Amino acid sequence: MVPTAHYVILSALLFTTGVVGVLVRRNPIIMFMSIELMLNSANLAFVAFARHLRSLDGQVFVFIVMAVAAAEVAVGLAIIVAIFRTRATIDVDELNVMKW
Amino acid sequence: MLSAYFPILVLIVLATGFALGALTLSHVLGPKRPNPAKSEPYECGMRPIGSARQRIPVRFYLIAMLFILFDIEIVFLYPWAIVFDHLGLFGLVEMIVFIAILVVGYVYVWRKGALEWE
Amino acid sequence: MGELIAFVVLGAIAVAAGIAVVVVRNPVHSALFLVVNFFCLAVLFLVLSAEFVAALQVLVYAGAIMVLFLFVIMLLNVAGVFESQRDPLRSQRGLAVCLGLGLLAEVLAIAVSGAARLPSGGGTLPQDFGSPTLVGLLLYSQYVFPFEAVSVLLLIAMVGVVVLTKRSV
Amino acid sequence: MPFDVTELVIAIVKALVVFVALLSIVPVLIWMERKVIADIQIRIGPNRAGPFGLLQPLADAIKLIFKENIITQGADKVVYFFAPAVSMVPAIITFAVVPFGDTAHILGRKVLLQVADVNIGILYILALSSLGVYGIVLAGWSSNNKYSLLGGVRSSAQMISYELPLGLALVGPVLLSGSLSLREMINAQGRAGVWFIVPQFLAFAVYLISGFAETNRAPFDLPEAEQELTAGYHTEYSSFRFALFYMAEYVNMVTVGAVATTIFLGGWRGPFGNIVILQPVWFLVKLFAILYFFIWVRGTLPRLRYDKLMKLGWKVLLPLALLNLMVTATVKALAPQSAIPIMSVLSLVLVAIGVIALTIISARSTRTPASGLREPSAEGAFYTWES
């Protein structure tokens, strides 16, 4: 059996990739995907700990996280579309005013 | 538990092997005589006008987004359905509350015309 | 042994795909690499005896969320709309990578030092651990409140999206 | 993980058998479709290659594999190459959880006549069939062709829309059997003494209609509408790459039929069901009956207009599936012991409601001026929000 710590390290690697993605890219869609990457790495840790502790609560959390992620993606992408409709750009550096 | 999934792995290998094998085979066997007219994107014989990667109407996006939200609802129904016997009337009530809240959203979406396709 | 092989192979692919998501220029390719990453995680969930969660991972993330991403990328498919060619803060990239590495070091330190102190649930894993029945029983008895809250969240999301994409703002 | 060598061999053999069987059903189905459609249209159909034209699909395959692979100018080559495979692989592996018989005793071992009995059965099917979208949307996008892109996007919007009623319809039978495993569902139908088509007829109807849309079959074959989109997402595909899309469509059709057989028609159950050899036969008989129905519908019904298609999915099938589910749940909660007999009666009422709803909706849509035929308004234009 692979120790839980290994899974946590993998999760940390994926999480870091997501963080760097958010910091480096200026395309909000790719930033969004990086956030999904981070959420998923958290899910991996949840599932790994669920097995370690022999308790299913972690898996239920993952279920809820997925529902939240779905709602977040839908609204987030809707905001991107709305911004594009008014500004004709979605480069985050160009979006420096709070009104549109 | 994991051993139950092993035959699926075998099937995945077979299916992937078949698909890629067939693609490669036809790539090897078929003639390769491209010319500009042949590799032009088909537009009823006309020279293609503009880029093909057009933007698609916002309707499609709205449909995909509503799909996600209702898909989550359905995903929640499956574990509920198989433990329904243990939950009894309580299970029915909690799901009625859940569905009722979502039906409010469904009616809103309908009334706002997001489901109309014009 | 089998688990170790699966972990190493899938973990490597998952990390590589994750890096590709961040590095690749074409957003469609980025999205496809993210799908690869999700698949690896789904199989890892299976390995971790969370078969129900694994099915959800494919159904929700790969089957629904990523399709929406692809749609939006195609919806906004215009050259130059995504990222302008010039980068006003090129030095920022190095800084970002350094920050990321710092974060990684921090998390790794915690993981390694905490691994010894981690309490174990003890006992062997039940045969049907992670089956939909057990997860469902827990979700619909102990976690009723989050479950109902999800419905409110989905309702808000529906209203939000319709308002945001409606023609007359 | 200790692994038994015999188990390993059995697993490989089972996977091989199903794989070969699926790939050999496809040409039979193609031949059958062409013959039945020809019959309906009072033609002869294929009759040159082999007796009764039986070898026609084989001849087609051989012809296609020797044709040139045309790569469109400006196509995304890698995605363009892999898209047919992406569409084919999920189609095949979805079938893995469908049982085609009970248990056989081979070499003193109990062998399940099913590739894999997993206890997330139905979720596995839903998860994999939701991946079918990728092959189509990627093919459409990578071809660098306007028709392909529109066809691909249309198709994927249609598929995800109908995934909802399809998923909802299957919750009813799950509720009655209390399990996601397809094997367990067949056993539940055996215990109840009645196929689930009786207590869940509305669910069956919704499932089948959604199945037509999921597999892009007539009358929902808009994505490949020849007249408007010149075959849609695979306009630019030639040679065996096209053949893979074509085969994937038929494999998907077989899977939809097999799932309907298993969940609603008792799967491999039939007279003399104890004889193991007969079980796959019963399964195939029911499967081909449903496939015949698919072909018959294609020969009979005209294609729906896209706005009507979306309306049917979102405004008729989705509420009907939900209604069926809630009625089933209520009956099951109030009378857990006699849920199936009560539902068998109630399903008639539900079907009546379904027919009425369908009539009202179609009457309303014929009264209003056909929106799809109007001059494209700002709302319908491609760049709705650009100006």
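As written, the chains take the letters A, B, C and D, and residue 1 is the first residue of each chain.
We take it that a residue touches a chain if its C-beta (ideal position, glycine included) is under 8 Å from a C-beta of that chain, and two chains touch if they have at least 3 such contacts.
All values reported here derive from a predicted model rather than from experimental measurement.
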Selected pair, greater C-beta contact count between B-C and A-B: B-C
What chain is most central when centres are computed from CA atoms? B
In whole angstrom, how far does the Cα centroid of chain B sit from the Cα centroid of chain C? 18
Averaging C-alpha coordinates per chain, one finds the centres of chain C and chain D separated by a number of Å equal to 29
Rounded to the nearest Å, the gap between Cα centres of chain A and chain C is 6
Of all residues in chain A, which are in touch with two or more distinct other chains? 66-67, 70-71, 73-74, 77-78, 81, 85, 88
Mark out which residues of chain D touch at least two other chains, giving numbers and ranges. 1, 3, 118, 123, 141, 149, 153, 156, 160, 180, 379, 384-385
Note the residues in chain B that touch 2 or more other chains, in rising order. 2, 5, 53-56, 58, 60-61, 64-65, 67-69, 71-72, 75-76, 78, 82, 91, 99, 106
Spell out the part of chain A that touches chain C in their complex, as residue ranges. 1-10, 12-21, 23-27, 29-30, 32-34, 36-37, 40, 43-44, 47-48, 50-57, 59-60, 62-64, 66-71, 73-75, 77-82, 84-86, 88-91, 93-94
Complex contacts: residues of chain B adjacent to chain A: 58, 61, 65, 68-69, 71-72, 75-76
Quick one: in the complex, what on chain C touches chain B? 2, 46-47, 49, 51-52, 56, 59-60, 63-65, 67-68, 71-72, 74-78, 127-130, 132-133, 135-137, 139-141, 144, 147-148, 150-152, 154-155, 157-159, 161-162, 165-166
Complex interface listing, chain D residues touching chain B: 1, 3, 7-8, 11-12, 14-16, 18-19, 23, 64-74, 81, 84-85, 88-89, 92-93, 96, 115-118, 122-123, 141, 143-150, 153-154, 156-157, 160-161, 163-164, 167-168, 171, 174-175, 178-180, 230, 235-236, 239-241, 243-244, 306-307, 310-311, 314-315, 318, 322, 325-326, 329-330, 332-333, 336, 371-372, 374, 377, 379-385
Note which residues of chain A are touching chain B in the complex, please. 66-67, 70-71, 73-74, 77-78, 81
